[in-house]
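What follows is a set of structures for review.
The same chain A turns up in both complexes below, where it pairs with chain B and then with chain C.
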Partner chain A sequence: MRRHLPHYLMIAPFLILFGAFFLYPILSGLVYSFFEWNAVSLGDFVGFANYFEIWDSRDFGRAASNLLVYISLTVPLGITTAFLLALLVDSFTGRWANFFRSAYFLPVALPAFLAATIWRWIYAPNLGLLNMVLGWFGIPSVNFLNDTSTMIYALIAVDIWVSAGFNMVIILAGLKNIPKELYEAARLDGASKLQQTLFVTIPMLGPVLFFVLTYGVISAMQVFDTPWLLTGSSFISYGGRRNALLFPVMDMMGRAFGSVSFGQAAAYGFMLTIVIVLITLVMFAIRSRLSRQ
Partner chain B sequence: MTSTKVRRTILGGISAVAVVALTAPSSAQSLDYWVYSDFGQGEAGALQEEFIAEFISEHPDVTIQMSGRGDDDLTAGQIAGAASGTLPDVFMNGLAMGSTLVDVGALANLYDKWMAMPEEYRAQFDPAAVERCMASETELYCLPYTGYGTLLFRNLDVLEASGVDTSTPPATWAEWLEQMQAVSDAGYFAIPDQTLIFNSVAEMYGMVGDNSTWGIDWDTRTTRIDPDVMAQVLEMFVDLSEINSGTSRNDQSTRDLFISGQLAFHTIGPWANPTYEQAAEAGNLNYDFVLMPGIEEGKHGGIQNYEFIGVAPGENEDIAWEFAAYVAGENQMARWASLLSRYNSNAAAMADPEVASLPLIERSVESVKYAMDVQPPYFVEAVPNCHNAIVVDYSAATADGEFSPREGAEEMIAELNDCLAD
Partner chain C sequence: MKISVSATAVTTPRKVRAVSIWLVAKWIAAFLVALIAILPIWWMINVVFSVPGEPVSINPRLYPTSLGDGWAKISMVLTETEYFRAYLISLLYALLTITGVLIFGSMAAFEFALFEFPGKRTFFAIVMLSLMVPTAVTIIPTYLLTAQLGWLNTMQGLVVPGLSSAFGLFLLVQFMRSIPRDMIEAARLDGAGHFQIYWHVVIPLSKNALITLAILTFIQTWGNYMWPLIISSDPQMYTVGQVVGLFNSPLSHHTVDIVMTANLLAAIPPLVFFLIFQRKIVEGVAMSGTKG
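Our next item is the complex of A and B:
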């Protein structure tokens, strides 16, 4: 023990920080989820009642189904957009490459509030930029942010706009690491540009795309700020018209700060954590199985 | 100088500072004062700073830090502050959040302090507004501050272009609907979508019902909404479904449509007026503001809602109360109302001739006489998060044709009762 003491001391800072800022919040959240808790005083132990309450609530099903649609569209579309942008930027050299990389990355750096304000203006019925453009083609004004049939697509477009630059930079770094000889060999074998992309670029980008996919799914599971701002939500009213943009984290925040049901919010957060961990594990398992093949 | 000497000098200095800090008299009191973001900037912020300076001149041992925050920031900060013991000393919020803040212990019971104030001070306030701050006969958790009654803003150019006589405002729902249909026939939007926001649903409910059939009965944990009244209101939403702008009353795009001459009516509080006034001064808008009509002549729709000033329990409670009472006093509220043309709960300030003659105040005072409370009763229990969503959802679903107004009202009430019973 004495011989290993210096080693333990060396990893102690990590363990302390890991315990304080990672394990403690998760475990305390788990404990609070079994109590009536208003953030100040711990009330009665209620067992799984908070979980059942969420499960039975009218908003849970809506939030979950919205999330499913959102993830199934925004993740593949977002990655495809980022991949195409990365290919485009990779085809430029010198100052143009820098310019486009910076330009596409700009939305990532914009504060969410500003991004949402810009898009609320773009989507505004009649006077918004998008509706003005549609009007030039004789298409009547669309109420993107209040028509329940368009709201989720409007959100997805904004999210792709925001996240594409970040994913593009990661994919671009992956592209730079692909040996040029592989493309030369493919060209010599008569492969077209499309075939080079499909059979050289994508397989070589496997680990990078897996990271982008995993990160995309985890981020999408926690979607909050963009729909909150696009729908002008507050703690006592959120989710937009007929809850078309209601998502689990929004519901969790509403329960926490709108009706001070922090016990329920903790249960919601813990359920979400479990689902995210499970999905991530499944993705890693699939990835590991595919790599073995 | 050797390194030992340097170390000794530094340690000596630190010790001296520590000794001075520990032995200095601790009479200076520092107050954190949180206000709504629009109250903390521009001319409103300058006036608040003036109030602070005046108070400090009378209390030289006090310092006050004002901080402007958005609605959600105020609430989240106050709840988190209560949990961590770092509450602001004096702060604002809306009545609808009152019981939530009492639940978490963010608001001190001010009843004894209130009763200790001179009678002439207490008499300045609208008694009904003070009552809204009370959870029981001996529990007063806030001082009523600013408020509003709904106003109906009319774009006179749009109305005239639609062939509507603008010389008198619509007196009944039937007249108003007729005007809105004329506006729609002329190719304009009549009104924002009133089903998008809880407060706009409440405004419309106020056209038919009143406080006696609105809000929550906490004793039985049931809604007080009357199915007959709600069915009539939902019928109105059906009538408006094809002629509204699809934007909510709070959307910036609604104001843009109004200013750009595409929207005829906008029901909202007086805070929309500065934007419209500016557009009118620039020659881009011809508008006025009137009371919302009711279902029949003599009745008016709309809601009244209030912001309050609360004081956190703790060691600064006494001086924080003094400051809150000063800010909400007649002289300050009269200056506030004169500067911003904003209605407030200080009845004496509202009766000040200079204030009472301001058109927006005059109309607001009239509106408040008829307007329904937005979510009574206050300071009883935190309203569950499902409540407002149910009201808004069934209103929108009925307007979309998923339910008949009668079915929509019955389903809404049944679901509200389930939500409240949990």
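Our next item is the complex of A and C:
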């Protein structure tokens, strides 16, 4: 034990912080989720009441259905865009490859909250950049962020604007790791460019695409900053018109800091986590089945 | 051999034309996407550097029209609003977070990457598993813990809960694993103690990874909106993200060019970092994906 002491001393600061600000909160959150919350302190034990209350609430239904639409569009569209951008950048060499890669990555380097605060003005009715461009083609002004039929698409566009560059860089690194001989062999077998992409690039990128997909789903499940800042951006008002941009984490934060129901908010976090963990496990299971075949 | 040569010679003219159309389309696509990526940022800059009150319909704001007005807006935002204070708070928040993440992360990574001791695998596995746990589940109880400690509206409340970065540990361990054990043995034979090996051998060798982690941590902390939103409820402790949020909120009474000035000021530090350290940032992001 004494021989190993220096090792433990070196990892101690990290592990203590990790225990205090990561492990402990998870456990205490689990406990809180079964309690009522009186203003500033823990109240009565209520069993699963917090969970049922969330489940039965209208906001939860709204947030869940918004999330479903959002994820089923933003994840596939985002990854396809990133993949195409990676192929595009990869087809250039030298200075131009660097230039396009940097240009596409630029939105990622900005602070995450800024995407929403720039785009909310691009989306502005009448005077916004987007409506001005549409106006050139005779299209009447659209109030993108206040029209329930466009709001979620406006969010998805911002989302892809930000995430495409991030995923592109990861996919590009994967592309560089594919041995050139494989393409050579495919070409000698008479495979076209498209066939090479479908039967060499995509299978070889399997693990990278899986990472991008899993990471994309997990972060999309927790979307907060962008829809929050595209709508009311305060605990009094969020989610936008008819809650068309209300998402689970926003709903959770609102319950905690708007209506001071910390017990419910803690329960909300656990419900979300259970869903996220289940989805991740299913994805891993599908992946291992696919790779076995 | 001869046959194939003559075959390519015959098909060459057609192939060249097909290739060049493809090539032109590719270049157009590449520039179009670059335009979409850059235009919103470029537009933001042009709105700042324009004459106030000038209608957008007259000036589509595709180029800066008045540098003087731009500087006037920037100095107005910095002097007449709470922006400058928020700037300093965000800078301090980022610097302290970077320092802590680098020190605690590199100390732990040093052990996890280069030595064997009982419990190592278990500890490391637990920390790595935490990468899978969503922030949604920890944020509320971590807030309550911070509140119980009396750390609301304090710098330690902003910084300390974010110091044990599992991602940072992962990045550094990946890097330090490639350090040859011989170098450590050689230092030990020269009489260096455990801490000296860490400080004088491993830290200098890991400089690149540490710089990458520092930059990624800066961009992430500077852009963190959610944590300061709940920890700093006192306007005296607002970070840049919160102030920018206020400028942009539907209740804000600022005009679009002032709002864009606030946005631009928030964008400058990470943009400068990006222009200087592009390669390191891109490599760091790529590494998180391909080795994960």
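Basically, the second predicted complex is superposed on the first by the 268 of 293 C-alpha atoms of A that agree within 3 Å, B and C clash if a C-alpha of one lies under 4 Å from a C-alpha of the other, contacts with A are read in each partner's own complex, and residues count from 1 in each chain.
Assume a contact is a pair of C-beta atoms (placed from the backbone, for glycine too) under 8 Å apart; a residue touches a chain by one contact, two chains touch by 3 or more.
The structure displayed is predicted, hence computed values, not measured ones.
J.: Clash or fit: what happens to chain B and chain C when chain A is overlaid?
T.: Superposition result for chain B and chain C: clash.
J.: Determine, under the contact definition given at the top, whether A:147 touches first (chain B), second (chain C), both, or neither.
T.: It touches chain B, and chain C stays clear.
J.: Looking at the overlay, what does A:278 touch: chain B (first), chain C (second), both, or neither?
T.: Touch status of A:278: no partner.
J.: On the A-aligned overlay, A:242 touches which partner chain: chain B = first, chain C = second, or both, or neither?
T.: Only chain B is touched by A:242; chain C is not.
J.: In the overlay, answer first, second, both or neither for which of chain B and chain C A:234 touches.
T.: After superposition on chain A, A:234 lies in contact with both partners, chain B and chain C.
J.: Applying the document's definition of touch, where does A:198 land relative to chain B and chain C: first, second, both, or neither?
T.: neither
J.: Between chain B and chain C, pick out the one touching the greater number of residues of chain A.
T.: Higher number of touched chain A residues: C.
J.: Once the structures are superposed on A, label A:127 by its partner contacts, choosing first (chain B), second (chain C), both or neither.
T.: A:127 sits against chain B and chain C alike.
J.: Which partner does A:257 contact after superposing on A: first (chain B), second (chain C), both, neither?
T.: Once the two structures are laid over each other on A, A:257 reaches both partners.
J.: If we overlay the two complexes on their shared chain A, which of chain B and chain C does A:286 touch? Say first, second, both or neither.
T.: Neither chain B nor chain C is touched by A:286.
J.: Answer with first, second, both or neither: which of chain B and chain C does A:139 touch in the superposed model?
T.: neither
J.: Pick the chain B stretch that clashes with chain C in the superposition, from 78-86, 96-104, 114-122 or 204-212.
T.: Only 78-86 shows clashing C-alpha atoms.
J.: Can you give me the overlap between the chain B contact set and the chain C contact set on chain A?
T.: 120-121, 124, 127, 232, 234, 237, 257
J.: With touch defined as at the start, can you tell me which chain A residues reach chain C in the complex?
T.: Those residues of chain A that touch chain C are 4, 6-8, 10-11, 13-15, 17-18, 20-26, 28-29, 32, 85, 88-89, 91-92, 96, 99-114, 116-122, 124, 127, 129, 132, 161, 165-166, 169-174, 177, 208, 211-212, 215, 218, 221-222, 224-225, 228-229, 232-234, 237, 248-249, 252-253, 256-257, 262, 265-266, 268-270, 272-273, 276-277, 280.
J.: For the complex, which residues does chain C have touching chain A?
T.: Residue positions touching the partner: 26, 29-30, 33-34, 36-41, 43-44, 47, 55-57, 60-61, 103-105, 107-108, 110-112, 115, 117-118, 120, 123, 126-127, 130, 132-145, 160-164, 166, 169, 194-195, 198, 219, 222-226, 230, 240-241, 244-245, 247-251, 256, 259-260, 263, 266-267, 270-271, 273-274, 278, 281-282, 285-290, 292.
J.: Going by the contact rule set out above, which residues of chain A touch chain B in the complex?
T.: Where chain A meets chain B, its residues are 38-41, 53, 57-59, 120-121, 124-128, 143, 146-147, 232, 234-239, 241-243, 251, 254-255, 257-261.
J.: Would you tell me which residues of chain B are touching chain A in their complex?
T.: 71-72, 75-76, 79-80, 82-83, 96-97, 100, 103-105, 193, 195-198, 245-248, 250-253, 256-257, 260, 262, 382-386, 388-390, 392-393, 396-397, 400, 415, 419, 422
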